[in-house]
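Notes to accompany the following structure.
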Amino acid sequence: MAVATAGAVNAPKKSRVKDRQASMYPIWLLYPAAAIYGILFLLPTITSLYYSLTRWTLFNSEFIGFDNFIQFFQEPFLYQALINTVIFAFVTSGLKVVLGLALAVLLTSPLIARDFLRSVVFFPVLVSTVGVGITFTILMHPTEGVINETLAMIGIDGPGWLVDRNLALYSVALVDVWRGVGLATVIYIAGIVSIPADYYEASRIDGATRWQQFRHITLPLVRPAMFTVIILSFIGGLRLFDLIWTMTKGGPGFSSDVMASVVYKQYQSGFYGLSTAGNVVLFVLIAVLAVPLNMFLNRKVVTR
Amino acid sequence: MMLKKLNATLAMGGATALALSLAAPAYAQDQVELTWLVDNGPSTVDIAEALVAAYEEKNPNVSIELEIRPGGGEGDNIVKTRLATGEMTDIFVYNSGSLLQAIAPQQTLMPLTDQPFMDNVQEAFQSVVSTDGEVFGVPYGAAQGGGILYNSAIYEELGLEVPQTWDAFMENNSAIDEAGYIPVIQTFRESWTSQIFVLADFYNVLQAEPDFAERYTNNEAKYATSEAAQKGFERLAAIHEAGYTNEDFNALGYQEGLEMLANKEGAHYPMITFAIPSLETNYPDQVDDIGFFALPGDDADSNGLTTWMPAGVYVPQTTSNPEVAMDFLGFIASVEGCEAMIDAVGANGPYLIEGCGLPDDVVPAVRDMLPYFEEGRVEPALEFLSPIKGPALEQITVEVGSGFRDPASAAELYDQDVRKQAQQLGLEGW
Amino acid sequence: MSGLKMKDLRKSFGAVDVIKGVDLEIEHGEFVVFVGPSGCGKSTLLRMTAGLEDITSGELWIGDQLCNDVEPRDRGIAMVFQSYALYPHMTVAENFGFSLTLARAPKEERERKVMDAAKILQMEHLLDRKPSQLSGGQRQRVAIGRAIVRQPEVFLFDEPLSNLDAALRVDMRMELSKLHQQLGATMIYVTHDQIEAMTLADRIVVLNGGEVQQQGAPIDLYNSPANLFVAGFIGSPKMNFTKVKVRSADATSVVVGSDELVDVMVPLSGRKLNVGDELTLGIRPHVLTTDSIGALKGTVDLVERLGNETIVNFRLATGAQWLAVLSGDIVLKQGEAVNFAAESKDILLFGADGRNLATAS
Amino acid sequence: MSWVKKYGLSAAAIAISLVVFVVPFIFIIFMAVKDQQQSAQMDFSWPTSFHVVENFVQVIQARDFMLITAYINSTVITVTSVALLVVLSALVGFVLQRRVTWWTPWVDFFILAGLMMPPAVVPTITLMQQLGIFKTIHGLVLIEVAYNMSFSVILFRNFIATIPRELDEAAIIDGARPLSLFFRVILPMLKPVTVTVIVVQTVAIFNDFVNPLYYLPGRENATVQLTLYNFQSQFVTEYNLLFMNILLITIPPLVVFLFFNRQIVAGMSAGAIKG
């Protein structure tokens, strides 16, 4: 800091020289967005952090130091919820990243009924969570559900998808993938169509097979899309609770509780201070996992 | 503005009559618009629409607009948020009992203590909408009972009697089981339905420990250490162990539970009586075969019903027109208002308004419930006597009812949950 | 009109100095080529001229305007990028006319100028195409056309031909030359390819390590490179070098030699050299001839017979690889010992500091 | 053989998507046309009787044509929010991707925070009341913009990385000022990702129900997701009407998708980079 100031004083001429980047990409372009985001999201969110240190009923708040955090870490099923959160995030984002890419490659290749298929894949994204929840609760019914009835036809005794304690979380994860893969696919499609056609033409002349084209052109060039899908679905997976809430409410018992649903339950119960503390903990957890990931991915994008 | 008006009134020599006569034309002539926030619970909207229609007919210059909110925890949050930010509608419906305390009634609501229409409201209800000597709400709908809805056709077929004790109930179950019917329907996909054995057992708890609620609030009585209180969990476990439930208990929901009961697949469905209107609508032909009895305890002599008070209608301090809002509350608490409600959704329990009787043609399940009230064999559920209700109860009861957790550890876990709630409420002694 | 003047231009990225003080004057209408290996700072210098990089210190004058803080659009320059940087969503005509659109030029003027440029480049029939529908050479021309339309005082080219195949490159080189004559504008051209530099430039500026090594007409650079670097960089194939020691020196000549090189006398005046000084001797491959009594003894590694000339790769006793380009078809066998000779006027000597002893002041 | 190769893939893809994606969809349609009793059985069965018109009319008319009001409100909110979001977050993504300075990691962090931290409702309402934008459509629009900004910025930034900087420089030399550089050169090249952002955010905002619930209370302000509460409550649900409602509110975003899907054409940026 001191050095910079000294430098500016010693070289008054330098301060006149405009930063080229600054004039090409002036910071005022960020102002409208920064104003909306800063005022309506960051400011209230940061002020709310204070409430994590209070017993807060919305009507009154009483400062209680770190009691909420202590209480939060004493949640009886917190450890299990933590494990569930990480499992859920990895399973869903992993599947979305891979299946989304597969579907996108398929849906950008010349297929009959391509538009129809794109719509079909995207359709689940449009259906409200409530609808998805009810639909799959019914389809996954252990005895009368279509899924197990179909499995029974080929001689498999289907599991109790949502009612088995060891399976419920994974079942919800599968439904989340079903619901979210369309989004990943659309992002991937945007990435794939952004790849100049020349590359494919050149590689075709070079005699590349479809797999080689995928491996050496699509895969490296679709990276920005892939990183977007990774980061969005991973953070989304860590924070998801709405689908869990509509499908299992964290059950049976507490077996499919994740951090976000634990926090949400506290919020629903009116434990506002405690749930704010829980959000802070969840935020730290996500930040610890996602920020390094994001930095890593960003570096890869920039050095492209 | 308010202050000025008040001063003016005082300057006129405290002539209340004059003030009223000034105020009355003010809304008799002008068009008054009120907003009313109601939840989307069973028949809540129907009741609200009926009340509004009846009131607007009487007062053509008033129009009341309904706004719907979700129920449950999300709905509670909306009510709290809107009250805390001063954005509540002119009138709103909200829970009575423990949950009412969470919206800081003294800070946010207009007291009704001195309103003449409160004389119409039965004491049983007034007590669950009061804090520090002030009353805040009028009843919205009828009182409910928690117990067992049963299929009387099965009872008739097997020659069974309504059980007065738990043992008798289990014997009935055994007979029903042998006859090939499902003795007890459980529907844990909607986990709230799993709590009835614990919650509706509270009448029996009070028989054994009359001061349980008070000691529980004061951090003295615990589910884990009270034999009577733990029985709810034990009975839930016993039903599962005996294999009396439907096999797909963990995959079914509430509607399917009602369907099984109506279609004579299952004999008992532990439930609160607010299910009755739904049965009437969906199974008009079978509803006459559905009866109701209180959750039996150990002793036939002290058999009684745990009751749920209806929600209340409240006026926030931020209301745009207190006079008209009060007038409307007075209407709800009148026999006229009560009858409008009965017309709308039928009579599925005693309305807590003086002089508002039930018609004679109520369905059997309601008829079965009424004697408990008439004979005074009722106690309110714990949530109406104590501000503390642990939020995780339904998940714990699912675990017990599915056989994952034994009753003792469930009781302990629930005590832990209760402690969290009490601490969050900032109660003394926790 | 407008020439271009750089006074002690410097550029640093943090602690790294990329341009270490460049002084240069370019006349109006001159075709100047910046040449040097990659990383030498030639592109940076060009981008500083364009206004795409800040100038850390020094002055940049275009015409009589001090341009250090002037926005690129106001510098009277146009630039052609290595990757062409065509706007993919615009047609050729729109690409051409984009700068005029931005300047809100009247429609007729825009159309006229676009048409003029298209005529110059003979691409009137392609005006409605999108860049993706063009071949590499055509895209290159669109990039040039975009510059022409601006009627700049200075054209800047950043390795514009490096993405073209060899044959196309030769064509485009000629077209650029023609274009320069036709437009008479100042052009600054950056390349790492010394052949492009030699063929196009009125003047070549050789850069290395952020400094100007030498500037001058191509043939002067070829004949009298200022230092080892320029000597090695200009001319193809590369000049051959070997270390030598001064055997004796007088006012007009010096005799140098080494273990594998028979002493040779090189005319050189005005130099004070001591016996035993280490120098570097440089000989261009073209000036070597086979001579049984030649001073240079080598072993043939590889012979390329091209008919009109023969390229011989040979090894000195030290192991240094040399190259000779002999005129006519000469038959040599691999492994054969051959003596080479050169005229003493064609031999260059470089001092310990790398400078050409004949030209250094 | 080549026929199999050519169409076999298509056939397999269609077959799998039909099973995985269409079966649940058919379920929703079936539910939407059943009568209440059959829908209450909650199974995947052929409707015993079809109540398309009846259910449709009932859903539309419910609560005084609330669905119509909700359609209008949701459309206004969605269109304005998405338009603002696209422009603002593309700008942010553009500047952030192009300009790397010491503050970039901090901005990155704050943007990620938008994905990681749930918003605080009560402080936000208090703030909006002070700004006078609580309970207003434009207030909710700004909220939707703020809450969905992070997602869009990340999407845009990663795609802007694929646009060579030389294009910016060419435009700068052609005389573009920052805004014209962005609107005339960068934004048109972002078409595929812009379409994606439009589709995704339209869905997110059209389907949002929590934020309108808190920030835009009032019956006249209802949005489409809130209409679901007409038929679904904590204890009782009229499934046939609920699903008819779901179907009806799913159609507008589906139309948006179908329309924009056609805009995603291959090879948009061909020729931007090397030949």
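The letters A, B, C and D name the chains in turn, as written, and every chain counts its residues from 1.
Keep in mind that, in the parts below, contacts are C-beta pairs under 8 Å (C-beta built on N, C-alpha and C of every residue); 3 or more make two chains touch, one makes a residue touch a chain.
Just so we're clear, the structure is a prediction, and the values are computed from it rather than from any experiment.
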Number of steps on the shortest touching-chain route linking chain A and chain D: 1
Of all chain pairs, the one with the highest number of C-beta contacts is A-D
So which chain ends up in the middle if you average the CA atoms? A
Distance-wise, how many Å sit between the C-alpha centres of chain B and chain C, to the nearest whole number? 91
Centre-to-centre distance between chain D and chain B (centres being mean Cα positions), rounded to whole Å: 39
When centres are defined as mean Cα positions, the distance from chain C to chain D in whole Å is 55
What is the distance, in whole Å, between the centres of chain A and chain C, each centre taken as the mean of its C-alpha atoms? 52
Which chain C residues touch at least two other chains? 51-52, 132
Which chain B residues sit where two or more other chains touch them? 72, 77, 81, 84, 253
Of all residues in chain D, which are in touch with two or more distinct other chains? 42, 122, 126, 172, 232, 239, 267-273, 275
Make each chain a node and each touching pair an edge, then name the shape: line, ring, star, complete, other. other
Touching pairs of chains, which are they? A-B, A-C, A-D, B-D, C-D
Where on chain D is chain C touching in the complex? 164, 166-167, 169-177, 180, 184-185, 188-189, 191, 267-275
Residue ranges of chain C in contact with chain A within the complex: 51-57, 68-69, 71, 132
For the chain A and chain B complex, residues of the former touching the latter: 55, 57-60, 62, 67, 71, 76, 137, 141-144, 160, 162-163, 165, 249-254, 265-271, 273-274
What residues of chain D sit close enough to touch chain B in their complex? 36-37, 40-42, 63, 121-122, 125-126, 129, 134-135, 213-214, 217-219, 226, 229-230, 232-237, 239
Using the touch definition from the top, list the residues of chain B that touch chain A in their complex. 72-74, 76-77, 80-81, 83-84, 102-104, 107-108, 188-189, 191, 247-248, 250-251, 253, 391-392, 394-396, 398-399, 402, 404-405, 413, 416-417, 420-421, 423-426
